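Two complexes follow with subunit A in common, the first pairing it with subunit B and the second with subunit C.
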Partner chain A sequence: MVDYKPQYYPGGSNIAANRRKYIDPNYQLRKLRTISDDDLVRLMGHRVPGEAYKSVHPPLEELGEPACPIRELVEPTPGAKAGDRIRYIQFTDSVYFAPLTPYMRAWMGHMRYRGVDIGVLSGRVPLEARERDLEKVAKELVETEIFDPARVGIRGATVHGHALRLDENGLMFDALRRFQFDKNKGEVVYVKDQVGVPLDRPIYVGKPIPEDELRRITSQFRVDGEPFRNDVELIQFVQRIHMLRTEAGFDPNKVKDI
Partner chain B sequence: MAKYPDKVNLYDDRGKLFDTNVPIEALSPLKNTAIQKIISYVKQCVAVNLEGVEKALATGEVGGKWCIIRGRSLKLDLVKNAGSVADSLKKCLQVDPDDDTEVKVLKGGKHLLVKVPAKRLNAGVEYTTGTTAVAAALCCTIIENFNVNIWDADLVHAAVWGRYPQTMEMLGGNVSSLLAVPQQNEGMGYALRNIPCAHIALIAKKNAMNAAALSSILEQTAMFEMGDAIGNFERFHLLGLAYQGLNADNIVYDLVKENAKTGTLGDVVLSTVKRALSDGVIKPLKKTPSGYTLYTTSDLNKWNAYAAAGLLAGTMITCGAARSMQHAPSVFIYFNDLLERETGLPGVDFGRVAGTGVEMSFFSHSIYGGGNPAVFHGNHIVTRHSKGFTIPCVAAAVALDAGTTIYTPEKISGVVGEVLSEVPELRESLRYVNEAAVSIKGGI
Partner chain C sequence: MSEEKKMFLEALRRKFKESPEEKQTKFYIYDGWKQSKRKREFVEAAQKIAKERTVPFYNPDLHLGGIPLGQRVLMPYRLSGTDIYCEGDDLHFINNAAMQQMWHDIRRTVIVGLDAAHTVLQKRLGKEVTPETVNHYLEVLNHALPGAAVVQEHMVETHPGLVSDSYVKVFTGDDELADEIDDRFLIDINKEFPAEHAAQLKAAIGKRIYQVCRMPTLVAMTCDGGTMSRWAAMQISMSMINAYKLMAGEAAVGEFAFAAKHAEVIEMGTLMPWRRARGPNEPGGIPLGYMADICQASRVKPDDPVWVALESISMAAVLYDQFWFGSYMSGGVGFTQYATCTYTDNILDDFCYYGAEYVKKKYGGFAKVKPSWDVINDVATEVTLYGLEQYERYPALMETHFGGSQRAAVVAAGAGVSVSLVTGHSTAGINGWYLSQLLHKEEMGRLGFYGYDCQDQCGSANSFSWRSDEGLPFNLRGVNYPNYALNVGHQSAYCGIVSAAHGGRGDAWTTNPLIKVAFADKDLKFDFTHPRLCFGKGALREFMPAGERDLIIPSH
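Let's look at the complex of A and B:
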């Protein structure tokens, strides 16, 4: 057996260390709040709490799968087994020290969750999966330290705001005003679901994480925080990949032992 | 004398050892007789939708949807008389009485699988001979067998050829081949890449290993035709075909098996690195101050082949667990991202698969239109950039889908995929290529 220990991410900065931590599936994300299953379902808006899952095809057992060695080997997720529709949760992460960057959501998600489809855009990151699988994943994404109620938004549409300045309460801009700051409770409260449909009752998602704590747990490099240029090891790593890709494109036989 | 020192063990689609110490050149399209046969069949085999012709004649709907010529119709029992149509068609296509022409009646006469004799193709320079010969011969056959008069013959032509030559391709026609018309190829040597994954998955009867194998054979053979797999890059492509497409050394199957029950895409990345390390393909280069180990290799082509095998296994785990094809582009980006960050070595096809994944994500998730992965192929404007390493994974993903798309592979493929699945060499390409490799390995 070879001596191999997964390392997940290079770099010598605290930011790189945070990235390593979040990507590593053995690190248990700190739980900061509890959102009930029903509230999560209401926030996503794909079905009414208690409603049966709609399906896009019959359960696999009824369907009868084609003879394929890979299908015989690979265990389908519970949602795939039942024939659930594929649904999504989408996040917007503010550039102001939100815990995750868009890319981190994909790296982390693919390392931790099975059968997920994650797409990364500058201002939004959708995660798609079979509906009952999605609900399980979404719970961890919303209840733990990677979700700051003020600087992370659950936004299915009109996601604009990730690069805009924060409001007087420290909340990220949201054109649809899905979330508000409840001054009496000191908590962020969702009054609309992820696509902006008003909720029948508000859903509290907890207090914003304090600025100094955010700066400590963030995975974002910033010139007014921990600048990317200070992490020489990471810069050299990125340059190495760029160099190797380019040299290999010219002649892969010449790239040896470097 | 073999050009390259590499030897691989061959396995079947269920991870069973087939033969050992086979030189990779025995898997080359330049030498492997089964691959050459597959390529010939792609040119020679043509699907006829006899039911479609009958319907078009009966309704006057010829040359595409909604294109109905009022007052023109012809009631001919083509499906009922498929046997005699097939016999006459065969005679019409034959060059010699005992040549390799074949016409097979399928689905109670609704479809015909036609194999045009190789001599007809050899007498021309363009692969379109297959389609044109069958379309023309079918018109002659129908006119002869059903005594169609001079005033109705034009309707038969339109029902068979569709709107061609007003359109570039046979729009609304009922004769089709896997290959598109040459004008639709995006560059030189793209013909074999212009085959949508829907066809591939259906030809392989949704066996993901065979779908990936056939797709890889077509893609990597195209690399020879495009001018990519030659000189410094020939071995790069041969290893890619062997390890990713043909399950050499059982890497793909092993990686899937290892992660089959609970594995994530990230787990497949880690398994791939572990396998490359234990096989001596990569080794530690140095430790950085943070404690991160950079890896290096003295054989980047082989590392690429291992990474490509891992990519296919990652697709099979992710799309297989969700029984959904739409996850494929996300796998292409993040398998490579995670692999690069795990090792410090370049990802599959040196970044080109990751780049392809970015574009494919956009065009397969209704962001800028496009379609589901089943419509993509190696000639497609957003998926042509990787040199043969992306499309086999897309074909496998399509094969593993349980029915999550509005436009199913069956709907996209029409009759072509279903009809050509009757050709054993296309349906179970892995087996036939392995057999041919074993039979020629002594001469390499």
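Let's look at the complex of A and C:
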């Protein structure tokens, strides 16, 4: 059998290359900042730092699971083993060269993490998981290159802003003003948690990524950046998928001579 | 399209003080809802009412725990194809009498053929039917249809001032017969349609004759869609009994009653399945092709199928997205913000006219080529890329359509309408829509929302999935087509895709010639030849609807 080599994403552009990179779980996301565990817990707002995880069922070991071959096949995550609640973190990604797009965020998450449920909308992406698993995932999502403090927002509700123009400091609009730009420090600071509850103390999440760096690492095609029109391979790939689905539903083998 | 010709720029300049190309602005400085004249009016009215009724009422300061609407500019909207600007609130159907009247005028219309009744009258009941008897019958029915008695001697009736918009007219494809009908009752195809369209319509309708019954708007407002054909049926049968001096009760009249009341009834919307729990003449049962035919813009500019499609899209947006999905199916007020994207600020207009110019230059005009993968791929891809590039060139445009579903709907509508124009085929048009959605998703890495995207990622697979003997099954889809059942923001454009295909071919109608003629009626309250202008008048509070109750309420 020929060795299988994953083909994560088609296309000849730098944007397509970045997409492949983020989806590939073997690519190590670059760490750009450190957010303490307690601050991350505060930002998400599901529990008070230090508070025990609330559970929705006893630990699986105590629960006495029924005999089930699927359960034997699938190793539960630590949060599932412990019976944690399922909680969420949600991000809004600006159209202005944010590192990820919603679909990229979802595809990346599905390739990299177990036990997550990810939804995709035009601006925001909720990621749900057992609480202790969520905190581990969230840490990577906030500390690495895929999080730009200015153009990515941690927002549970009233999420819109992804398509709005940027403010005078280059920040994405946030109706709840959860984050602000601290001109003295040159950093973005959160003063409210993801659903807009004021924090007891501000949480700094670092300096905005410079524009030229954002343009280099973004996974967004833009006509004022790298235009989609130029990635002929990707366009033809999409056209082919469309043709196959049209002619044969989801069984492309029915199309002759492909 | 050259810079100066871009149709949306004027509206963008009016909406925002910055240049449309500017990427940055200021937020949080606009004094919240107080920046809006309409919101201020709402607050003033609500405070007065709250005092009177003692129950708390509208208070925008409760929004988001004290963070009110208007943290950014609350932008005005231009009704596309007009010079009318209004606030977003003015486009909610509760605040817009023209939108209400459009729906009432559709719902209260029932078409009933007369030929079956005439056959039974002549062959079974031995009555003579002549143009004179038909004219007499129509006079009787114009008395009875609004709610008057014609047979009984002691009977309650409706006040004519409350039901003045109720009447019956007839049309036929037979010029000789039409000449014999009293002008007051006739929808004259020769007068209402361009000659080419009139010839097509008359050929399709032939010698048959149809009544167009308009029930009172007040009935449409207070009863349901199923009421309409019943109301028409009762008044038709009573008027027939009166006009032709029939015996009330003999067995033969039973046969006649079926022929006159039910056999040739065409409802505007079909009965919905039980999971939707709606009767006939509700928005969910109106096929896309019927909506395209109800729109009468093709009578005004038959040589501009893009404009015609855009007008029909506006009607479908209001009826399908705002009334049906926004209220019948979901409740709440959110869908208006979304649905207006297809008929405001000349944005979809720009994308569609770009597509039209592209296909004219490359393919020599409309409906000049058969559907093929080469054509669908070429046109849908080009218009999709153009639309997406406009959002990226003009941040004010991106902000105007700040929800991805708005952009997805408008870009794909441009693509679908353009494919319809070039092929003259709505099924090719809808396939172009679906290609556009897939391209959009890959370009932006984002599209609409869960269900929106689901519909469009399945759509390629169900656009050519079956054949009918006339090849246009798409025209008969509607908002209750399985994958479309709970997804705002698609059906308005689908109506335009149907319209553009037939407009591109020079057809007089898209799906049903009877529907097309039934709404070619200057006595309707809503102007179906210029729906966007009419919605604009509604927004400016310059539209006078029917169904007012001043006659029966205290002066106010």
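Things to note:
Here, the second predicted complex is superposed on the first by the 250 of 258 C-alpha atoms of A that agree within 3 Å, B and C clash if a C-alpha of one lies under 4 Å from a C-alpha of the other, contacts with A are read in each partner's own complex, and residues count from 1 in each chain.
Note that in this section a residue touches a chain if its C-beta (ideal position, glycine included) is under 8 Å from a C-beta of that chain, and two chains touch if they have at least 3 such contacts.
Just so we're clear, the structure is a prediction, and the values are computed from it rather than from any experiment.
In the superposed pair of complexes, A:P78 makes contact with neither subunit B nor subunit C.
Using the contact criterion defined above for the overlaid structures, shared-chain residue A:H160 touches subunit C, although it does not reach subunit B. By the document's definition of touching, of the two partners only subunit C reaches A:Q239; subunit B does not.
In the superposition on chain A, contact of A:L60 is made with subunit B only, not with subunit C.
Within the superposed three-chain model, A:G119 lies in touch with subunit B and with subunit C [touch as defined at top]. By the touch criterion stated above, A:G249 is placed in contact with subunit B and with subunit C alike. In the superposed model, A:G186 makes contact with neither subunit B nor subunit C.
Legend: residue contacts after superposition of the two complexes on their common chain; A:L176 is shown touching subunit C, with no touch to subunit B.
When the shared chain is aligned, no partner comes close enough to touch A:P49: not subunit B, not subunit C. For the contact definition in use here, the residues of subunit A common to its subunit B contact set and its subunit C contact set are 103, 119-120, 241, 245, 249. Listing the residues of subunit C that touch subunit A in their complex gives 18, 22-28, 64-65, 67, 71-72, 373, 377, 381, 385, 388-389, 392-393, 395-396, 398-399, 401-405, 407-408, 431, 434-435, 438-439, 441-450, 453, 460-461, 463-465. Against subunit C, in their complex, subunit A makes its touches with residues 19, 93, 95-96, 100-104, 119-123, 158, 160, 162-168, 170, 173, 175-177, 196, 219-224, 227-229, 234-235, 238-239, 241-243, 245-247, 249-250. In the complex of the two chains, the subunit B residues touching subunit A come out as 13-15, 205-209, 232-233, 235-236, 253, 256-257, 260-267, 269-270, 273-274, 277-278, 285, 288-290, 292-294, 296-301, 304, 316-318, 320-324, 326-327, 330, 333-335, 337-338, 340-342, 344-346, 350-351, 361, 365, 396, 399-400, 402-404. The touching residues of subunit A, when paired with subunit B in their complex, are 1-2, 4, 6-12, 16-17, 23, 25, 56-57, 60, 63, 65-71, 73-77, 79-80, 83, 86, 103, 106-107, 110-120, 128-130, 133, 233, 237, 240-241, 244-245, 248-249, 251-253, 255-258.
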